[in-house]
Amino acid sequence: MAAQVDQVQSQFVESIAPGGMGRTRSFWRVFAEKKTALFGLVVMLLAIAVALAAPLLAPQGPTHLYDALLSPPSSQHPFGTDPLGRDVMSGIVWGTRISLLFAVGVAGLSLLIGVLLGAIPGYYGGRVDDLFSRFFEVFLMIPRFFLIILVVAVFGQNIIFTAIVVGMTSWVTNARLTRAQVLTIKERTFVKASMATGASHARVLFRHILPNGLYPVIANSSLEMAGAIIIEAALSFLGLGDSNHLSWGQLLFSAQLHIHSWWLALFPGLAITLLVFAFNLIGDGISYAFNPRLRGRG
Amino acid sequence: MEDRLLLDLQKLETRYSVGRADVHAVRDVSLKVHRGETLGLVGESGCGKSTLGYSILRILPENGRIVNGHCLMEGSDLLSLSEDELVNYRWSKLSMIFQGAMNALNPVLRVDDILYEILRAHKDVSRAEAMERIKELFDLVGLARDHMTSYAHELSGGMRQRVVIAMSLLCNPSLIIADEPTTAFDVVVQDQILAALEGIQDKLGIGMMLITHDIAVIAETCDRVAVMYAGQIVEQSSTEAIFHAPAHPYTAAMLNSFPSVRGPARCLVSLRGAPPDLTNPPLGCAFAPRCPLAVEQCREANPPLEDLTTDAQHLARCYFAGSDAVTEAWSAEESQTGGAGG
Amino acid sequence: MSVGRLPRYVVRRVLQFVPVILAVLIFNFVLIKIAPGDPALTMAGEWATKEQVELVRQKWGLDQPLMTQLLRYLGNLLGGDLGFSYHYHMPVLDVIMLRLPKTLLLVLTSMIMGIVLGTLIGVYSASRYGTRLDLVASVLSLAFYSIPVFWLGLLLIIVFGLNLKLFPYTGYISFGVKGAFSVVVDVLWHMVMPSVTLMACLYIPVFLRISRASVVEVMKEDYITTARAAGLGERAVFMRHALRNAIVPVVQMVGIWMSQALTGVVLTETVFSWPGMGTLMYTAIIMRDYPLLMGIFLITAVWVVLTFLAVDVATAYLDPRVTYE
């Protein structure tokens, strides 16, 4: 009986709720209008392709030691080699995996925590909202980079651990965005309708409010992925990276010590810049597609 | 009558560029407004009435442009003046009351500062003189003087709207275009706003073009009415004539869709269909698809605006204009659909 | 009307911030105490005997219960004593005071220039919204923002420092420079590269984008159309009405970046060996110099709170809608 009531409820609400296939299609259409966003998307897909095809592109692996030590770019080694004899290009190809996984991990964790912690004050409002908002404010005041460096340095330089720490310190923006969205969407008619038909709080929240309010969070997540890649590179650059995983940041770390070998610094940095740029463009494109006010000339 | 003519709008055509297409928002509209009279411009959402107002004041958004037409006021054609020349007209001769005053006032400035700045832009006045004038206007629209130092968000919607009305009067214009001044408000506030508008008309003898979709407001405040549909004027006459003897089927439908509090109970008319897509304006009458009287001729050629009297007192754009068929068109509809209520 | 509310608002905010600082203090105290490793051992050094380690532990009170340590620490704070740095063998406050001005010099100069330049270009770009220039400015600023700060620093060092030998790229002052004027010039010369790096990757792009976006949003508001209709010239509309409203988000952004001024530039400082708070923080972490770490954390938290407060006050002043929260 409960299942049937559920079904009727959802059917009724769907019929007056916005969204669905039509919106997704029009979203892509507007997104594609912005050439820069498309460029970002292409680069991201390229990066994913490189990461997946790593065994094909650099079959020896990133840590294979060649005879040519610290040699500039040549036909053998298009991006040169480092002081240990590792091929920089292989390092970059395999490093793509680390960058992408790290980025997704951080953004994913941030999204999970942020959406949950943002939905609660948005939905319940009142005292709960005050409490949570105050908590967000305090959390924002903690010097983030300092904390990350501290925790990583003191508790261990493991890349998964690092990803968790970074994710756990960056959820506040997502929380605020979610809160704002939930506050507004909660007042819309189709939500009130679903509440009137007796749907539980969880159902209203997860089935009706959140699916309609997640766009800004998704846009923000793309930007966070960009930020995560830079943070990982920064940490490695400071010597706090995970030496078991040769990331782009690690390549830059060794570049500092051999500053006259310009190729050690140039290529990994270019890779970072390009992928970060791509994620930033995608994030921009999503918020552009989602926010009609930013669009067009009038 | 001609010496009291304030505004003579002739054959206005305005378009918006949306994507690759053009929306013909206003198609061939001609209107006259006289000193001391209120002309109501009524029509449903999207028929082009606000665009008309913005065109006259030349404040269309970036993608809008005036394609054709003349708007004569005090001997000059407003539509062909340069921006510099227009400054002499804007606000000093011709002003506007905006729709939904919620956002028409700058949130970081105090109300008296906003009004003072506008006044100074047109006249060299001292702050004291300006404050006197603002007090005068506040009294006129029924606002307490303490509110002069308030910020927009400190005032209720109705108060904000009255500030906007006061704003429009700052430079003693001869003509005011009021764009849906009562739409955003409940009936109590509507009443206050209409009272304020009537008050200023009585005292100052200004000409007013009142744009609204609410026919009740028209009935209450306007001397003459122009009915707009799909970017064109479909009927124009005195308020009385329109209410007692509508000559266009659309007007008749509009009147019949409002229940009368006092009259006998009857079925209300609801129009089927929707207004045409104005990116491709139809060749024939725009109302034909929804009109019970429509015949072949209606669909082929757009009826011209016909004069039903001899002195342009009552105009209608319909081949059946003025005949009984128009007023009876909807009762035939009613009996067809059956008595769905009672 | 609103002026009277401002002081009350300020007081209210200050009172709200006091527990925050306390919370941060306790938090960082606890965090450092639960870190693995024995601080007494670290301090005494690798070659110390067991007795020597115990001596150190007693001397610094590391054998006392947690609560006692915390209370003693808080008590000292009120007296202006932030503890004693293990690594530098100096009072923590002194160490910080040596480094703090150098960071502030670098960051504030770069930030102010970045804000001014970025905002000017951003506002100009917004006034030419939709044109080629605007689009290019937008994309370029995002591109620069995507460049890792330390990478650009490295590249600049390679090109300008090593190869072209135009600017110094280590430290903030050269050895043996005397005389006030020469010192100032020398420091400025040293500041060029790190400053340019910070401005190019961070401040200019960020402020260009925020000011541009803000102005564009504001220009679409109804009160802008009203002002134009009321006969106000385009210049007056832009300056008095648009900018006045658009400035608020920019101020908030200034606050966010300013609050990160102390420890956020650790990367740039490391690359250019600039002896500031960033490098100090890094050293303290690596060396497990806990008193110093707590001192840095405290000073940073106070700085953050002060900047947030300043931004709140500025926003309340600029936007009359705020005092009513």
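In order of appearance the chains are A, B and C, and numbering begins at 1 in each one.
In the analysis below, a contact is a pair of C-beta atoms (placed from the backbone, for glycine too) under 8 Å apart; a residue touches a chain by one contact, two chains touch by 3 or more.
Computed from a predicted structure; not experimentally measured.
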Q: Could you pull out the chain whose C-alpha mean position is farthest off from that of chain B?
A: C
Q) What are the two chains with the top count of C-beta contact pairs? A) A-C
Q.
So the centre of each chain is just the mean of its C-alpha atoms; given that, what is the distance between chain A and chain B in Å?
A. 51
Q. Centre to centre, by mean C-alpha position, how many angstrom separate chain A and chain C?
A. 24
Q) How many Å are there between the centre of chain B and the centre of chain C, using C-alpha atoms for each centre? A) 55
Q | Residues within chain A bordering two or more other chains | A | 297
Q | Contact footprint of chain B on chain C as seen in their complex | A | 1-2, 221-223, 225-233, 236, 240-241, 244-245, 318-321
Q. For chain B, which residues count as touching chain C in their complex?
A. 57, 59, 87, 90-92, 95-96, 98, 100, 102-109, 117-118, 121-122, 149-151, 153, 164, 167, 170
Q: Using the touch rule from the top, collect the residues of chain A that touch chain C in their complex.
A: 36, 138, 141-146, 149-151, 153-155, 226, 230, 233-234, 237-238, 252, 255-256, 259-260, 262, 265-266, 269, 272-274, 276-277, 280-281, 284, 293-294, 297
**Q.** Complex contacts: residues of chain C adjacent to chain A
**A.** 20, 23-24, 27, 31, 35-37, 129-130, 139, 142-143, 145-148, 150-151, 154-155, 157-158, 162, 213, 216-217, 220, 259-260, 262-264, 266-267, 270-271, 281-282, 285-286, 288, 293, 296-297, 300-301, 304-305, 308
